[in-house]
Each structure stands twice: as C-alpha cells, then as structure tokens.
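Right after this note come the structures.
Next come two complexes, and both contain chain A; in the first it sits with chain B, in the second with chain C.
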Partner chain A sequence: MFPPELDYVRARSLDEAIGVLASREDAVPIAGGQSLVPLLKLRAVSPGLLVDIRGLKGLGGVDVGGPIRIGALATHGDIEGHAELRARCPVMAEAASKIADVQVRSFGTVGGSLAHADPLADWPPVLMALDAEVHVHGPSGSRAIPMGDFVRGPYTTALERGELVTGIVVRDCPRGAAYLKYAYRHGDFAVVAVAAALRADGGHVSEARLAAIGVADRPLRLGQAEARLAGVPVSEDAFADAAEAAARSVSPPDDHRASSGYRRALLATLVKRALRAAAGR
Partner chain B sequence: MRVGLRVNGTFHEVDVEPRALLVHVLRGLGYRSVRVGCDTATCGACTVLIDGRPAKSCNLLAVQVDGAEIVTAEHADGLLERLRKSFNAHHAAQCGYCTSGMLMAAYALLSRRERPSEDEVREHMAGVLCRCTGYQNIVRAVVEA
Partner chain C sequence: MRLVGRPIPRVEDARILRGRATYLDDIEPPGTLHAGFVRSPYPHARVLRVDMSDALSDPRVIAGYTSLPGPPMAPGGKVRFQGEAVAMLVAVDRYALADALERVVVDYEPLPHVVDPAKALEEGAPLLHEENGSNVAHTARYGSPDAAGAAAPRVLEGELRVQRVVPAAMEPRGVVAAYDGHTLTVWSSTQVPYDVRKEVAGALGLPLSRVRAVQPDVGGAFGSKLIVYPEEVWVAAAAYLLGRPVKWVATRSEDFRATTHGRDMGLAFRVGFDGSGRVRSLWGRITCDVGAYHWGEGLSDIAARMLTGPYDIREAGVEVVDVYTNKTPLGAYRGAGRPEATFFVERIMDMVADELGLDPVEVRRANLVRGLPYTNPFGMTYDTGDYTGTLEAALSRLGYYELLRWADEEWARGRLVGVGLSIYVEVTTFGFETAIVRAEPDGSFTVVTGTTPHGQGVATGIAQIVADELEVPLESVRVVWGDTALVQDGIGTMGSRSITAGGSAALLAARRLREGLKAAAEQLLGSPVQYSGGRFWGPNGEAQIGDVVRAIYRGRASGPLEAYEVYNARSTYPFGVHVAVVEVDPETGHVRPVLYRSYDDAGEIVNPLLAEGQIHGGVLQGVGQALYEEAVYDGEGNLITANLALYGVPTFAEAPRYEVRFAERPHRSEHPTGTKGVGEIGAIAATPAVVRAVEHAVRRVRPGARATSTPLTPEKVWMMLRP
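After this line comes the complex of A and B, so read on.
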C-alpha cells in the first residue's frame, strides 16, 4: 500500500506550523505518524500537505518538578521509560506500556494520540481519571481544555482549525490509580478498558474518579459509579456497588468485536478490579 | 526530496517522494532483510532500529527520519552476530520471514538490557508476529543469546 501523493514540509517553529495549518485547509500535522500513516496508506485521509512537527523544540519531554507536564511530542515509550514519572504517577507508565507494541511506542506521541481521538485510544480514560488538562496553541493563542471536554466524539476533538496540542498537565496524580485493559490480542485496541483513581481518608473514599472506553462512541467518565463511592468505606461491597452502577449507566455499542451485553459485563468486572488495584497501591 | 540516512554505518543520500515509505526506500537501497509483511503496522517484519529505538519501517515515511541512524539485520557487530548464532542454534526460524524483524526487536532489547528475563523478552518481542507459531524457540534464542 502506498500513501497518496502529497507535499511535505518540516515546520521550523510552532508558529510556522500553526500558520500553515490555519491557512491551508488540506494541511494535516504529523508527529510520530503511527495513526496517520496507516490512514494515509488506506487512503482514508488524503491531505495535500503534511506539516511535520516532530522536530519542534520545546514540545517534548516530561517534567515532574511541580505539576506533571508532558510535552505533546513525548512518545508513549518516553512516558513508559521515565523513572521519575513512574515513581510519581505509576498509572501513566502502566497505561503507556499497554499501548500497541514497543515499535509503535517508539514513535507514537501522546499529543498525536489525543488529537487523533480514536474512540478506543488508551490515553483519554486515564487522563480523565487523573483530571488532566490538554494544553493547545493556535492562531488565537493558547488555552487549556479539561480532558473531559477535549474528546467530542469519534475522531473529533475540541481543537479548532490550526490548533495543535502542545502538552498535557496533571496537577494531581493519586498513587491509588490503575488502568485495566481487556483486549483480544496483546497490543490490540481494547474491547473495554477502565481507569480508576481513588483516594481514601480514614478508611473512607474521599475521592473517586472512573473513566472507560469501549462502552460508548467516545471515552466516558462514569459519574454514577463515582457518586456511589462518595464517602463510603473502602470495601469490596462498595466496589461491587460502583461496578453495578457503572454497568447500568451505559448503553454499549453492539458490533462485530463484542455484543452490548458482553461489554456491559466486562465494564462491571473491570471497574471492580480497577478499584481494587487502585485501593491496593 | 533529498533525504539522508545512515544505514548500518553507511551514509546514503536519496531522492524520494514525500509519500515514500521507509521500508521501500531501505529495500531500494539494497537492505533486503527489511521485509514487507502485513503492510499495516501489525506484524513487525519491517522492524529496524531508528536512532536506537525499534520501529516499523512500513509505518513511517522516509522523509520523517531524515538524518537518522538506522540499523537493519544486515548490520555486522558482536551483538547481532551473537543473536544470529543463537537463533541458528535454537532453530528459531521456520519459514524465516519474520526473522529479521525478530532479530531487530531482540537487538533493541539486548542493546539496553544485558540479561532480560523470559517475561521481558516475551513482552518486548510482542510486536513481531511469527505465523509458523515458533515463538518458543525464538524466545529461548533471545534469552540465551
């Protein structure tokens, strides 16, 4: 398979990239290309111009000094292998290690994954459970978008034309967080996956955040399950109760990969296990 | 577009269309160990090292890696020689189509970790598929290389 004929330019600065992307309707940014190149080969997208942003300075890297800041160009492999980040926010390393395989993680970037917004991408549920912000920069300046508002539907985000993801910020990463993914094959997209972040105070839940993929056409925050956990004692009963509430709150899609009922049952199981894993950390 | 690639220590400057995939450019330069397998970034037969990291050359445009250091299974160094011998000794190839991808994935792992455990090998090599179902011998070859 061959990508369609296209032009290519290597951006020398963020502003140059944004200028080109804002002025040409057929221009598309490329970072690692691990989602875009397959789409080009399938001719699912045929941009006239690729704007390569991978070489831009200041958009990569991981900084755990204050709030956790991860540059848009940080690869999944960078995140997985960052020792200080793993110590400070283990769930991010855990999630990174569950994305595709080592080769894809060498090039695939967190910013690219977010902007592509595959409904089964692994970062959105994790970053929703961590209440992360997505930082973007465009023709009208910079803004921060809460992760929960960033994905608007399948392959659709809050990004305006010409805007690029510049990084993500996690202000608060509870140690008690876990990401559980069920896939048919190692490295495949999830059938269902659940991210949980849990804090307890004196044996009672003081904070619980849950998000899932594979149960709707986009990543979902599981608000009803979270509400069931508010203030209750940390216990298997509480987790089972939250799991049941989560399962009742969704209408999962029915498709060739899994039936709606199977997805709902998987969700309940994964919510329970993710909460148990989070509580044990 | 002019693209410069250093492959196994030899510098090549080639004129490519922006849409050219790295795997095709490498094969065009004579590095025939780099295989086109599934052509959908799944099977890993096209795996090469790019600036020290394993990557699927069917899933990258050559223009994206202008200036990169690339290592393919043709490379000659002590580690790759050790791996080749171990693959041979453990009968780690049946049809052989995945072998160069397997070698490069193993090379990437052993370059940064001297003695990986069997679990680490399995996890790290999961991005290269063997359809002769020969994983057992491949894993043993890497663990004992």
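After this line comes the complex of A and C, so read on.
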C-alpha cells in the first residue's frame, strides 16, 4: 500500500479520539481497516490523519445479559462465533457468517461497517429488520439513532463530525428472523439480500419487518411488503403476496452486475425465501 | 522401480508451500530505484504534451522518460487503450513514486474510440492504426472455400461467442534490472527469459554475453507472460542508463489493464448435416478482437485450424479476421485458440443433436475421426489415438448415462441439475527445447531445463524422467531453470510442451551422459561393462557411477561431465471426454458446479498426481470462462471489471468435485517421453461441458433454450428460464 503521506495516532481514550476527529477535518478513524485500507491502496481517499481506535477499551464485546449490546469494535467474526448470541439471536450470527471471508471477518468491525455505509454492506438490512439502535458518541455527548434513520445514502450516515459509532443495541430479536443473501460467488458483495423478522400469533402474522440491499442506492425497509403481511395467516400465499408487493415497491439500479429487472426478480425470490426461513425457525 | 508413472508430490513444494519461494517482488538489490508508469485514462487519444516538470521537482524523483530504448511509448503520438503507458518515472521509493505519478500532467486530445469489433469493421470507424488503412489486423483462410455453399439435407446457421477474460495470475507482472558496469541482469516475472534477454540486448545494442535474464519463481502466468512487454525493456534500459538497479511491480489494477487479456472470439457458422447427424460441411468466420496491438498473433489461426475438432468433416472452410479495438491487447491464455475451437465445435455438435432430437453422444460418435494419423481439412495432423474406442471407455468410466438418469430422478424430486459432455482433441508442443544434464563430483546430477516452469511441478516430472534414465534415486537429481547464465537458449513453458519437449531433451541428454560415463567406466575397469542401478560392472570389477564421475573430474579417466541436448519436438494431440454436472436455481438462475469428471488420453502420464492437479486448475479456469469471468468495457472504453473485487475469478468455494481419470492404455506420442501434455486440457474441455450442463438443466424448463455465448451469468440463465 502506497498512500499519500499521512499522520497516524493511536487513540488512548474515546474522548481523545473524538477530540482529534472533531478538531481535524482531514482525520478519519480506522478500526479493522477492511474498507478504508482498500480505498487508501487505490488512492481513492487521502486522509491527512488516521485515528486508530482499535485499541480502545470498552468498545468491543458482545453482551446478551439484557438487550443485546454489541460494541462497535466487535468483529464480524466475534459476532459469528458468539455462542450465546447465536442462541439468542441466530440471524446475527447467520448474517456475520455471510460477510466476505474469514480474513475480513477477523478484522472488520460492525461499527466500521456501519459508519462506512457501503450500499451493499450486510449489517444495515439485518439491523433494520431487527429495529436496532446505533449508539454514537461525539463532542456533544451520546445519542442513539434508530437503524432506519442511520444510513442517509451511499457512504453517507447520520454521524456528525467527530462522532463515532460506539455500539448497537437490539432490544427485540425474534427467533423467526433470517438473512438471505444472493451473491455470484462466495464472499462477494450481495447482488440483492433480504433480512426478515417475523412473529406469529395463532397462525397469523403479528409482526413482520423486512429490509433489503441491492435494490436502491442504500438499504431499504420494505414497508409495502410488511403492510401486506399484517394480520394475515402465515402461508406461502402470504409470502408470495409480500414478495410481489416488495418487487413492485422498488426501482432497482441497472448496472453491469445486474439489470433492474433481474434485481427486482431476485428481491421477490429472496423476500419469499427469507419469510419462509423466518417462519420455519 | 520406475519413477515415471508414480504420483510423487512436487519436489518444489517445500519451498513454495512454506513461503520460501523468491518471487520478483522479493528481489531488491541495494540501492534499488522504483519505476512506475503514467497510464492513459482514455481508450484512444492523441498525446499532445507530457509535462513531468512538477514531478521532477521532487528530489526523490530521479528520472522521467517519455522514450527509452525499446518499443516507443504512445507510438505515433497516440494511446490506443486505457492503461497504455505514456511516461515512466523513477523514484527513490514507491511512496515517492506514487506521489510523483500523480503530478505528471498529460494533455490528451481524446479521439473517437471503438470497443466493439463489429463496429470497428464498419466504414468510417475510428482507426487505431491509420497507416493500416482499416482496423483489420490480420486475415486468413483455411480449408475449402466451397464449404460456405455446400449442399446438405439440413443446414443450421448461427453465431457463437467466447468472451474476453483476464488471465489474473496471482503474481502480477514485474521486472528488476541491475547493471554492474559490465553485465546487465534482468529479473522478470516471465515465461520467456531467453526472449527478454534478446530484446533487451537488441534495444541497448549489447552483445548477449553482457545481458543475463533471470526468471525467479513466478506466481502464475497462463500464457500472459509469454511475450516480452515494453515495460521489461524500458526498466532494463533505465537501469542501464542510470547505473542503478530499477524495479517495477504492477499493482493489481495496473496488471488488469497492462497485461494481455485472453479469448474474445466470435464465430459465425453454417453447418450442413444429414438426418443421422453426420456433418457434411462446416463453414465458419472467426472474428477475433485483438485489442489495440496485435501481440497475440496466431490465436485465431489456431482456433480456425482446430475448428473441426475430433470430427471427420471433409468439407470445411474457415475465414479469420483479427480486429483492432481500443482495448488491452489480446494474448495467449491457457489453451490459446483451442478452448475457443472446442467451444465452437462442441456447441455445434450439441445444436445438431438438438435439431434432430438425437443423443448428443450419438451425433459425436457418428462424426469422430476413425483411424489415425489423420490430417484435418486445415492441415493439422492428429498423431495417435483411438477416438471411438476412447469415447466408449470414457462413457463407461465417467458414468455418463447413469448421471443422465440421476438428473432425471432429481428433476422428478424438484431439483434442477444438468449434465454436459464435451469431447476435444487439442494440439500441444512445438519447437526446440534444451536440456543440460551435469554430473556433480559426488555422483548426483543437476539438470538445467530450457523450459520455464512456474508452479506446474515440471521440475519433479523431469527429475523422475532423468532419474529413471540414469537409474539413480530421485533425490540424486536436482532440476534448475530460468537463468540464461545456466542455459543460454530455450523456448519455455507454454503450450503444454514442458514435459514432452523439455522432458524429452532431458531424457536424451541423460542417455548421452550415461553412455559417456559408461565409456569412462570401461577405461577405468579395463573391460566392457554393464550398467544398472547406479553401478558399472565387468569381469575385472565394478564402480559406482559417482566413482566414475570423480575419476573424470580428477583426470583419471576421460569422458563427459555433462551433456547438452537440443530436441526438436513436433506437435502432438491429446484427446479426451469430459462431463460436467451443475445445479441450477430456477428462481435466481444461479449455477453451482457440482461434479466434474474427465477421461483423457494424453499419452504417457509421468506423474498422475501433478497431471491431475493440472486438470483441476484448468477445469476451474474453464468453469470461470463458462460461468463467472468477463472483462467488461463500458461505452466510454473503461475497463469496469478492473480488479479482483469487480472481476469474478472462481475460487476454491466455487470448484466442483473433481474425478480425474487417465486412459488405462494411452496412445503414446512419438517423443521419447511418450507424453502429449496435460496443462491446458481442463481449460479446453470444461467450458463446453459446463455450458451444455447448464443448457441441459434449462431445457427441462424451456425445451428450446440454447446457449450461444459465455459467460452464462445467473442473469443470462434466468433470462433463458423465463417464458
């Protein structure tokens, strides 16, 4: 890697990191480096200062004691391999296992992935379907941002200057949740992926949350499909109906990886499969 | 016990697998400077001005060049593909270099460009080489000109296409050069050190004796490193002019644009046949998109001359048109013309079968060449084999009809799987090759091969051959290569020729050395002697081979200590049958390669373990061609699949299960090794087998579906599955 000359500082505390990031416009945080380093290699970005937050205490770990709390510095591999989390919220382990490859999962962090906001990142749809909160800390203190409000566009988030993601909180992880990712090769970015969370009461859907990537320039909550599921009997017909509604509700991008029409068809298939998988759990 | 024929693990493994290999980027003489290139962002532009003054104002930047001995940069003042070099900078380190490259200002006048070969042939298309008068780089005709209009009971016409791919060797290209005031040493990640030496010496006006070319360990090439690239000469020239070592290693993105691409051929065909599937005539026109420069000469000619494949089609004619476009130049890529020919003829055989509602195997059987040697309509003489017999053996060993029945059962259970078969004959081996076998003072032997292996395990195979010939243990034979200080001439590893041409040269050298040592033993022992297992004996006593060698080294006997052999190898023709099984997701169009079986008559197999490895690797590249890979240019002439994140090389996770077999009673080539070569078989046979497997699956859902171009991306398969 031969980036332009840059400074590097290893932050000793969260406040120090935030202080530096807030004071220098050309400073960027680095944790696992799985998105930033490739960009530096390509000279697609040229920050003046890297603020290494990887060693910060208290920002890692997975806590399933009460609400599920996952530190920003937890790696995808930490999430994938956490036995209690897997028991409590299997969809998170499932999603983690579908990110890239072992090397990337060993370094890449959930906080870094969220802050980078690649439109095809795997966490946003999962966390949207789980109604998670993103906890951030910055010069003016801490706040929690609903996952649905966090991503504002491609590589754009609700983070203010100097703010860092500190963790995510999942208060409600239904057992019936699934993440279906369609990629051309193992470890590729998704073409289209769908996260579904489903609850049933007496054979009827009591709650359905769906989110997708690959069908817009950012992760999307599939509200119209969710609406079709409200109160209806859990059935293949209902899933097909929701899938059709989902497909109708989007205007997917058209590029060399996949046409708009193909993405729409994939969305319908994946919504159906995700709901089926969720209902089977 | 003979070593040839045994599955001996690579002797190279200890170094390669433990990270002890020395690749190009591991070489850095003290004081090395780093070179880099300013490359065109445009597919076609006039270079009006190159201003390096800002870059050169940085004291870390040593030199900047817009011309150097060797090929011209931006010849005729134009760049013709995105990534073509415009200027070269030399700096003290790679950081300084990367900064400086961004500070070179180039004024371009963008010119109209063309990336579609059909458009490039139209009247008024932008011309890449004005002096050429058109974008036609080369034309040729083979076979019968009457084939186009030949009468037949049934006629089918169509077009087929094999896409452009990126060879994507794990190690990108690179070169290091150092001049010590007398000798210019050039290390290059290449398949052709002899050519590098000749080109560099020629460009600098140096005698060959003052230029040494070294091929260090090379992390893959697949044909993409068998030409001498301009960068190799320029970097060597800069080292010579500056008197300091200079190094250049391509970045991955740079390598994707500046190293040759492969395939990219289309075929328009007309096939005449009768109701039994016997093909009466075949006419084709191959259009090959050679990119901006004609570096890959002969690729489409090989494809044309192998177009009838293993089938006896007497009335056949082919026209070839190579077309310039504003893309990276085309070059050899594993199989180099034979994968394209095999894809074309195997697709045609499947289409004829489908037209007639016949078993594709039946149609092939009706057309297979009977009786070898056989000279095809384009003058290629297939040497040995029994194609019909091998087909029957293959069908049974590969369980082809059992797989078809199993696919039916799976479909009845709702699982969509497809089975595809391909047959190929291919041509390997050409030209001379060199070998030196040298006796070391302790009675061990060093073999210098003129071939240039880069991961295949050729050194192991040659050691087996030489150890057998000398009747010594494998451990007594060491094989070295890739340095013009060791062997001055050769061709190299390409075209599946290394064991056949290089192994035969080594075998003959070993035989000659053994005979010379025998004569020396007779002097020492004072009687005629016999030799076996490393020992000479006669009525007066015996001597170990090491004793005889030492006696020669010390002047107590006269005889040779080494033998230099040049072997001229005529082409030879492997034949085989491959079967692919895929599973298709009918809703997404996703194709998963499940199983791959092969049965090859490739002559003698020196090392079945390494031969099987060659099949695995070749097949996966054929799978990539069939399903995953494509070098995509957008309308602006940008290569948009410009690195490994955007370009789909299949990985271990996409690989099918392999079941590789070789013919139990192979047909030997005429060469001393009896081998025919295995390096490219997989890449040749796999693509049509996989494509047919996909089509076989899809036709259950859409009976008329037909696959005519690769890659069969999920979206394309999804389209085929739609009503």
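Note that in this section the second predicted complex is superposed on the first by the 280 of 281 C-alpha atoms of A that agree within 3 Å, B and C clash if a C-alpha of one lies under 4 Å from a C-alpha of the other, contacts with A are read in each partner's own complex, and residues count from 1 in each chain.
Quick note on the criterion: a residue touches a chain if its C-beta (ideal position, glycine included) is under 8 Å from a C-beta of that chain, and two chains touch if they have at least 3 such contacts.
Here the structure is a predicted model, which means the values were calculated and not measured.
Touch criterion met: A:30 reaches chain B, while chain C stays clear of it. When the two complexes are overlaid on their common chain A, residue A:43 makes contact with chain C while staying clear of chain B.
Once the two complexes are laid over each other on the shared chain, residue contacts for A:258 go to chain C alone; chain B is not touched.
Of the two partner chains placed by superposition, only chain B is touched by A:100; chain C is not.
Residue contacts after overlaying the shared chain place A:4 against chain B and chain C alike.
A count of residues in chain A touched by chain B and by chain C gives the higher number to B. Once the two complexes are overlaid on the shared chain, A:187 sits against chain B and chain C alike.
When the two complexes are superposed on chain A, the residues of chain A that touch both chain B and chain C are 2-5, 38, 186-187.
Remark: chain C residues 94-95, 97-99, 102, 253, 587-588, 590, 628, 632, 634, 640-641, 645, 648, 650-651, 653-654, 713-715, 718 touch chain A in the complex.
Chain B meets chain A in the complex at residues 1, 17-19, 21, 39-41, 44, 47, 50, 53-56, 59-61, 63-64, 66, 105, 108, 124, 126-127. Interface residues of chain A, counted against chain C in their complex, comprise 2-5, 38, 42-43, 182, 184-188, 191, 256, 258-259, 262, 265-266, 269. Residues 1-8, 10, 30, 33-34, 37-38, 40-41, 50, 52, 54, 77, 100-104, 106-107, 186-187 of chain A are the ones that touch chain B when the two sit in their complex.
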